[in-house]
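Both complexes shown next keep chain A, but they swap its partner, so chain B is in the first and chain C is in the second.
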Partner chain A sequence: MPKVTIDEKVVDVPEGTNLIEAARLGGIEVPHYCYHPKLSVAGNCRMCLVEIEKQPKLQIACNTKVAEGMVVKTQNPRVEKARRSVLEFILINHPIDCPICDQAGECKLQEYYMKHDLAVSRFPIEEKVHKDKAVDLGPWVMLDMERCILCTRCVRFCQEVAEVNELCVSERGDHSTLTTFPGAKLENPYSANVVEICPVGALTNKDFRFKCRVWFLKRTESVCPGCSMGCNINIDQNEGEIHRLTPRVNEEVNEHWMCDEGRLTYKPVNQKNRLRFAKMGEKDLHPDEVLRAVREMMTGVDPNLVCGIGSAQFTNEDNYALASFLKELGSSHLFYHRFEPAHPSVDDYLIKADKNPNTKGVSTLGFKEIGGDRRFKFFFVLGALPEEALNRIALEQQKKVILFNPWDEETVHYADTLLPVGTFAETEGTFTNCQGRVQRIRAAFPPPGEGRPVWQWLTHLTRLFEKPAPNYTTAPALFLSMANQIAAFRGLDYEKIGNQGMLLKG
Partner chain B sequence: MEFTPENKKKIEEILKRYPEGKVGRQAALLPVLRLAQEQFGYLSEEAMLTVAQVLDLSPASIYGVATFYTLFNKKPVGKYHLQVCANLSCCMEGAEKVVKHLEEKLGIVPGETTADNRFTLSEVECLAACGTGPVIQVNENYHEKIKTPEDVDRLLEKLR
Partner chain C sequence: MDRVLTANFDHPDVDKLPVYEGRGGYRSLKKVFSLKPEQVIEEVKSSGLRGRGGAGFGTGMKWGFVPQNSGKPIYLCVNADEGEPGTFKDRELLLRDPHRLIEGVIIASYAIRCHTAYLYLRGEFFEPYQKLEAAIREAYTKGYLGKNILGTGYDLDLHIHRGAGGYICGEETALIESLEGKRGYPRLKPPFPAVQGLFGCPTVVNNVETLSALPYILEKGAASYKKMGTEKSPGTKLFSISGPVQKPGVYEIELGYPLRKFIHEDAGGMLPGKILKAVIPGGSSVPILDASEVEQVNLDYESMNQFGTFLGSGGVIVIDEDFCLVKALKVLAKFYAHESCGQCSPCREGTGWVHKIMTRMEAGKGTPADLDLLLNLADNMTGQTICVLADSIAMPTRSYIKKFRQEFEDHVALQKCSKM
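Our next item is the complex of A and B:
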C-alpha cells in the first residue's frame, strides 16, 4: 500500500485511492463539490485543488491517485488562496438567497464560504445572470436554476446509478443550465436521491421544502420499512413529527441511496388516525383494565385453541415476544402475515417485490404462513390482519381477537381488544432483510397516547398470568434471549449489529 | 419525423467509424446531429427526439450536446445565417462594432431573423480563425477581417 504524506501526516492507503479519500482516511477534509465517492470523477468544480510536491501547478485531489512517497499539502497559503478564488468564481452568479433557501444549514456553499472565504463579494447582485427559480422537475424534485453550480453530480447519478439519463446541462458559459429535455420529467424511481447529493440548494425535495429548517431536525438512525431490502435511513423529525427520511450509507445494502417510494413510508406515522388508547369494542379503557380483561378471558382455555399471528411488518423482538408469550400459555401455533399489495413495484437494484421489512426474520423465528386449518378461537395478532385471513383458520364459533396495531383503522374493528403500539419510527429493535442481514431500528420518539412496544404489553400480560417469561425490560434484553434461543440468531450481538447490521448464520 | 433512407445509410456508415455500444453511439452524435440539421433545416425538439431514437440515446443527453454548440440551430434560420465570432481575439479586432452595425442594418438583434427570412444574426464562440478576425461565418463559409461598417455593407451587398 502506498504511503503518502498529507499535511505532515503519513497515511497508508490502498493503491488507486484518490487524494480526497486518502486525506479523509487521515482525518483531513479536502473541500469539494463535484466529487462523489459513488460517481465517476468529473473534475469540474476545482474546489479540491491541493499542492503536490514536485508538481508546479496545483492539482485536483479528486482526480489524482496516490503514489508512493507523494507529499501533499491541503492547507498552505497557496492552496487556500486558490480555494478562495474558486469559491469566488462559483459564486459569481449565485443569487445568495440563503434566507429563503431550503438548503441553508446543510449547504456546502455556505459551509465552505464560512470556512475558507468570508470575503465581501465583488460582484454586484444587479449584474448577476438570472435564471428560472422553482422549476418543477418531476414528482419529487424542484430545481432552482440559478443556485446550481453545475457540478453535474445529479446528471451523473441519473446516468450511472438510476441508469436513465434524464438530466443534462444545456447551453454553455454563464448560460449553462441544468435541465431535463424540454417537457420531460425527472421521474426515475430513485429520483429524490439527487436532492441529497446536490451540494447546494438547487435541487430540493418537494415533499420536504419549506416544512422545517434543517437545524430544528433531530436525526435517528433507522431502516426503511418499505420493502425487504431494508435500506438504511435517517429519520429526521422535529417534536414528534417526521419531516423526511434520508438514505444512510451502508455499502452492503443500499450504498448511498434509497428509492422514492421508501421515502413515503413515514407518512402513516404522522397520520391522524393513530390508535392512542387500548380499546375493547368502542370503549377506550385504561391499559390495566384491558389487560385484566384479557387475562380473565384467557383463564382456563385450551391452549390448542390459541394461536399467535406475527407480522413481517413488526420487529424480530416483537414477534419473538409473541412466540414466548404463547409458549407460556402452552401454545406453539405461530403464523404470520405480510402486507401484499396487488401490483408491487420491483427492479433488479434495491426495490424488492416483498413490501415487508422483516419477512426473513419472522420466518426464521418459526412462524408459518397462514394455512387452512380451521381450529382456533383465540388470536393474538400483530398488525392489521384482514378479517378474512383470520377466518381461514378460525373455528365457526365466535372468535376472540387481541390485536396490536399502531392505527385505529376500520379494517381492524372486528378485534375484541385493540392495543396501541409504535410504528417503526417509535420502536427499538431489529429487522432481518432479504439478505439475512439483521439491522437495528431505533425509536425517534415514543408512540402517541398509551402506545408501547408489543413486547412490553406482553410482558405486563405475562405478569398477570404469574408466568416467568417473557419478562423483558428492554429491546436489547429481548435480543439477547432470542440469540440464546434461536439457532440462526446465535452469536449475534445487539451492540455489534450497530448501525451497519450483521448477517444471520447460514 | 424520420431520416431519409439515404441519410439512414449515412448514419450506418458513421456508426461504423466508432466502437460498438453506447460509447460509439455517443461519439456518433455530432456527425448525426449535423446530418439532422442538414435534412430538417434546424434541430427542433422533434428532430432531437428522432436522433435520440436512431442512436438509442436519451433525449436529455442529445439536448445537452445540441444546445452546447452554436453550430446547431435550435430555431429555423433565414437564407443566410450570419454567425459573428464574439470571442476574445475577434472582439479585440472590433467584433462588437460589427455586431452593432449588423443590428442597425438588419433591424434585428442576435438570435433573430429578418422579416423577409433572408438573414439570421448570431453571436458564436471562437471560429478558430483568430488571426484574421473579426470573422463572420455565413452558412458554411468564412468571411474574414470584416472590421469596418463598410466591410459589413460590402458583405451584405454580395448576399442580397
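Our next item is the complex of A and C:
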C-alpha cells in the first residue's frame, strides 16, 4: 500500500485511492463540490486543488491517485488562495438567498465560505446572471438554476446510478443551465437522490421544501420499511412530526441511495388516525382494564384454539415476543402475514417486489405464512390483516381477535380488542432484510397516546397470566434472549449490529 | 526555402486528383509503404516537426506514445476545427490543397497503425467541406483510401465529421467527446488520448497543417526538412496575418524569420498612415507584443517564448495606434465568455466576469480599481482548469494591461476612448 504524506501526516492507503479519500483516511477534509465517491470524477468545481511536491501546477485531488512517496499539501497559503478564488468565482452569480433557501444549514457553499473564505464580494449585485427559478424537473424535484453551481453530480447520478438519460447541461459558459432533455422529465424511481447529492440549494425535494429549517430537525438512524431491501435511512423529525427520510450510507445494502417510493413511507406515521388508546368495541379503555379483560377472555381456553399471527411489518423483537407469549399459553400455532402484497414495482437494484421490511425475519423465527387453517378461535394479531388473509382464516365468524395496531382504521372492525403500538419510526428493534441482514431501527420519538411496543404489551400480559415469559424491559434484552433461543440469530450482538447491520447465520 | 505546404497554392484545380498527382502528389506513399511504421515515426521524429495546432509538441514523439499492444483499434483524428480568432491557415490548406492533407493522413495513419481516421471539420467550413468530400471520394476511387491501399494490404478509411460551432471543440479532448456525439467538454487528463481517446481507444489528434507537412518530409527526407528553420523549430510554418497591413493573408514562412521582416516585407508593411502599436503573434489567446518587441522577435517557438508569448497557431494580428486596446480586450473577453464550455468554475464565471468589467470599461464606466481587479482575476484563472480556455483570456488580459497600462488608465480617466 502506497504511503503518502498529507499535511505532514503519513497515511497508508490502498493503491488507486484518490487524494480526497486518502486525506479523509488521514482525518483531513479536502473541500469539494463535484466529487462524489459513488460517481465518476468530473473535476469541474476545482475546489479540491492541492499542492503536490514536484508538480508545478496545483492538482485536483479528486482526479489524482496516490503514489508511493507523494507529498501533498492541502492547506498551505497557495492552496488556500486558490480555494478562496474558486469560491469567489462560484459565488459571483449565486443569489446568496440563504434566508429563504431550504439548503441553508446543510449547504456546502455556506460551509466552505464560512470556513475558507469570508471575503467581501467584489462583484456588483446588478451584474449577476439571472436564470430560471422554481423549475419543475419532475414529480419530486424542483430546480433553482441561480443556485446551481453546475457540479453535474445530479447529471452523473442519473446516467451512472439510475441509468437513465434525464438530466443534462445545456448552453455554455456562465449561461450553462441544468435541464431535462427535451421531452424528458426527472422521473426515474431514484430521482429524489439528486436532492441529497446536490451540494447547494439548487435541487430541492418538493415533499420537504419550505416545511422546516434543517437546524430544527433531529436525526434518527433507521431502516426504510418500504420493502424487503431495508435501505438504511435517517428519520428527520421535529417535535414528533417527520419531515423527511433521507438515505444513510450502507455499502452492503443501499450504498448512498434510496428509492422515491421509500421516501413516502413516513406519511402514515404522521397520519391523524393513529390509535392512541386501547379499545374494546368502541370504547377507549385504560391499558390495565384491557389487559385484565384479555386475561379473563383467555382463562380456561384450549391452547389449540389459540394462534398468533405475526407480521412481516413488525420487528423481530415484536414477533419473537408474540411467539414466546403463545408458547407460555401452550400454543405453537404461529403464522404470519405480509401486509403488503407483492408489487409490480421492482428492479434489479434496490426496489424489491416484497414490500414488507421483515419477511425474512418473521419466517426465520418459525412463523408460517397464513394457510387455510380455520380451526382457531383466539387470535393475537400484529397489524391489520390484508383482506385475503382474513378470508383464509375466516376471522369474522365468532372469533376473538386481539389486534396490535398503530392505526384506528375502518378495516380493523373484526378486532375485539385493539392495542396501540408504534410504527417503525417509534420502535426500537431489528428488521431482517432480504439479504438476511439484521438491521436496527430506532425510535425517533414515542408513539402517541398509550402506544407502546408489542413486546411491552405482552410483557404486561404475561405478568397478569403469572407466566415467566416474555418478560422484558428493553429491546436489547429481548434481542439477547432471541439470540440465545433462535439458531439463526446465535452469535449476533445488538450493540455490534450498530448502524450497518449483521448477517444471519447460514 | 522549399515550399512544404503551399507548393500547390498557385496551381488552379490542384484539388482535383489528376492535377495533384501531376504535381507529384501521393508520390511519398510508395516510400512510406516500403518502410515499417516505426521507421516512419523515426523519420518524422528526426525531422523535428512540431504540432502546428498551437502547442508545438513534437509530432513523432506524440505518435510514439500510442501503445501498440492494447488490443484496441487506434484512431487518428484530424483537427480541422480551426477557430482561433486571427487564424485562417488551415482553411487555405483545406480549400487549396485537400489531397496533400489526405496524403498526410495516410502517412500518419500508417505510422501509428490506424485503420480509421476522422476529420473533425469546423462546421462553418462549408466550402472546404465540399472540396474535401470530393477529394476523399477521388482518393477512394484511385485506391489511396479504402481496402488494400496500392496493393500493400494496408486498409484505411477516412470520415469527415462536421462540427456544430463550438470553439472548444478544437481542444483535442473536447473534439473527441464531440466526435463521440457528446457535448464538447474537454476531458480530464490523465488519461491522455494517446492511451484512452476516441471511443476509449488509443488516439492521435493532429492538426491539418502538421499532417500536410508529412508528404514533403517523407518524400524529401527529414534532413531536407530540418535544413529549414532553426535547430529547435525546424521547417516552415503557415502564418495568417490580419490587421492594417498592405497584404493580409496566409504565408508560408521559414521558422526563425524575423517578425518585423514578415510584417514589413512579406505582408507589405502597414497601410498608409497606420503606425504599428502591437502584434498578437500566435492567435488571439497569446500574450501581446509591443512595437519594440516586434522589432526583435523571430517567428519560432523559442524566440516567442523569450518574449513571454507563443508562436501558437501562427495567427498574426497587427494592431495600429488608432485601435483601442480596451475595445480589443473587450471583444476577446466576449469571445471567450461565449465559448467557455462552462465546466470549470474559474473559467465559466471568470470569463463572464472579465467580459462584464471590459464592457463597463469600454463604455466609459470603468474604475481605476478595475485594472488591478482584472490582473488579479487573470491570476486566479490561470492554470486552475481542465483545459486552457481560461488561460486564453487570462494571458491577453495580463499582457495588455501590463504593457499598455497607460492606455487603459486613460480610458478609465477620460471615461471614453481617446482613439475616437
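Quick note on the criterion: the second predicted complex is superposed on the first by the 490 of 506 C-alpha atoms of A that agree within 3 Å, B and C clash if a C-alpha of one lies under 4 Å from a C-alpha of the other, contacts with A are read in each partner's own complex, and residues count from 1 in each chain.
Heads up, the rule we're going with is that a contact is a pair of C-beta atoms (placed from the backbone, for glycine too) under 8 Å apart; a residue touches a chain by one contact, two chains touch by 3 or more.
Here the structure is a predicted model, which is why all the values come from computation and not from measurement.
Novice: Let's test your reading of the overlay: on chain A, do chain B and chain C clash or fit side by side?
Specialist: clash
Novice: More residues of chain A in touch with chain C or with chain B?
Specialist: C
Novice: Between chain B (first) and chain C (second), which, if any, makes contact with A:317: first, second, both or neither?
Specialist: It touches nothing on chain B or chain C.
Novice: Can A:184 be said to touch chain B (first), chain C (second), both, or neither?
Specialist: A:184 sits against chain B, while chain C stays out of touch.
Novice: Of the partners chain B and chain C, which touch A:90 in the superposed model: first, second, both, neither?
Specialist: Second partner only.
Novice: Considering only touches as defined above, state whether A:166 meets chain B (first), chain C (second), both or neither.
Specialist: In the superposed model, A:166 contacts chain B only, not chain C.
Novice: Who does A:354 touch here: chain B (first), chain C (second), both, or neither?
Specialist: In the superposition, A:354 touches no partner, neither chain B nor chain C.
Novice: Kindly classify A:426 by the partners it touches after superposition: chain B alone (first), chain C alone (second), both, or neither?
Specialist: Neither partner.
Novice: Indicate the residue numbers of chain A shared between its chain B interface and its chain C interface, in ascending order.
Specialist: Residues 168-169, 171-172 of chain A touch both chain B and chain C.
Novice: Could you pull out which chain B residues touch chain A in their complex?
Specialist: Its residues touching chain A are 45, 48, 57-64, 67-68, 125.
Novice: Please output the residues of chain C touching chain A within their complex, sorted ascending.
Specialist: That would be residues 166, 183, 188, 337-346, 348-353, 356, 373, 380, 383-386 of chain C.
Novice: Considering only the defined contacts, which chain A positions touch chain C in the complex?
Specialist: For chain A paired with chain C, touching residues are 41-47, 49, 57-58, 60, 63, 82, 85-86, 88-90, 92-93, 122-123, 127, 129, 149-150, 168-169, 171-176.
Novice: Mind listing the chain A positions that touch chain B in their complex?
Specialist: 164-172, 179-184
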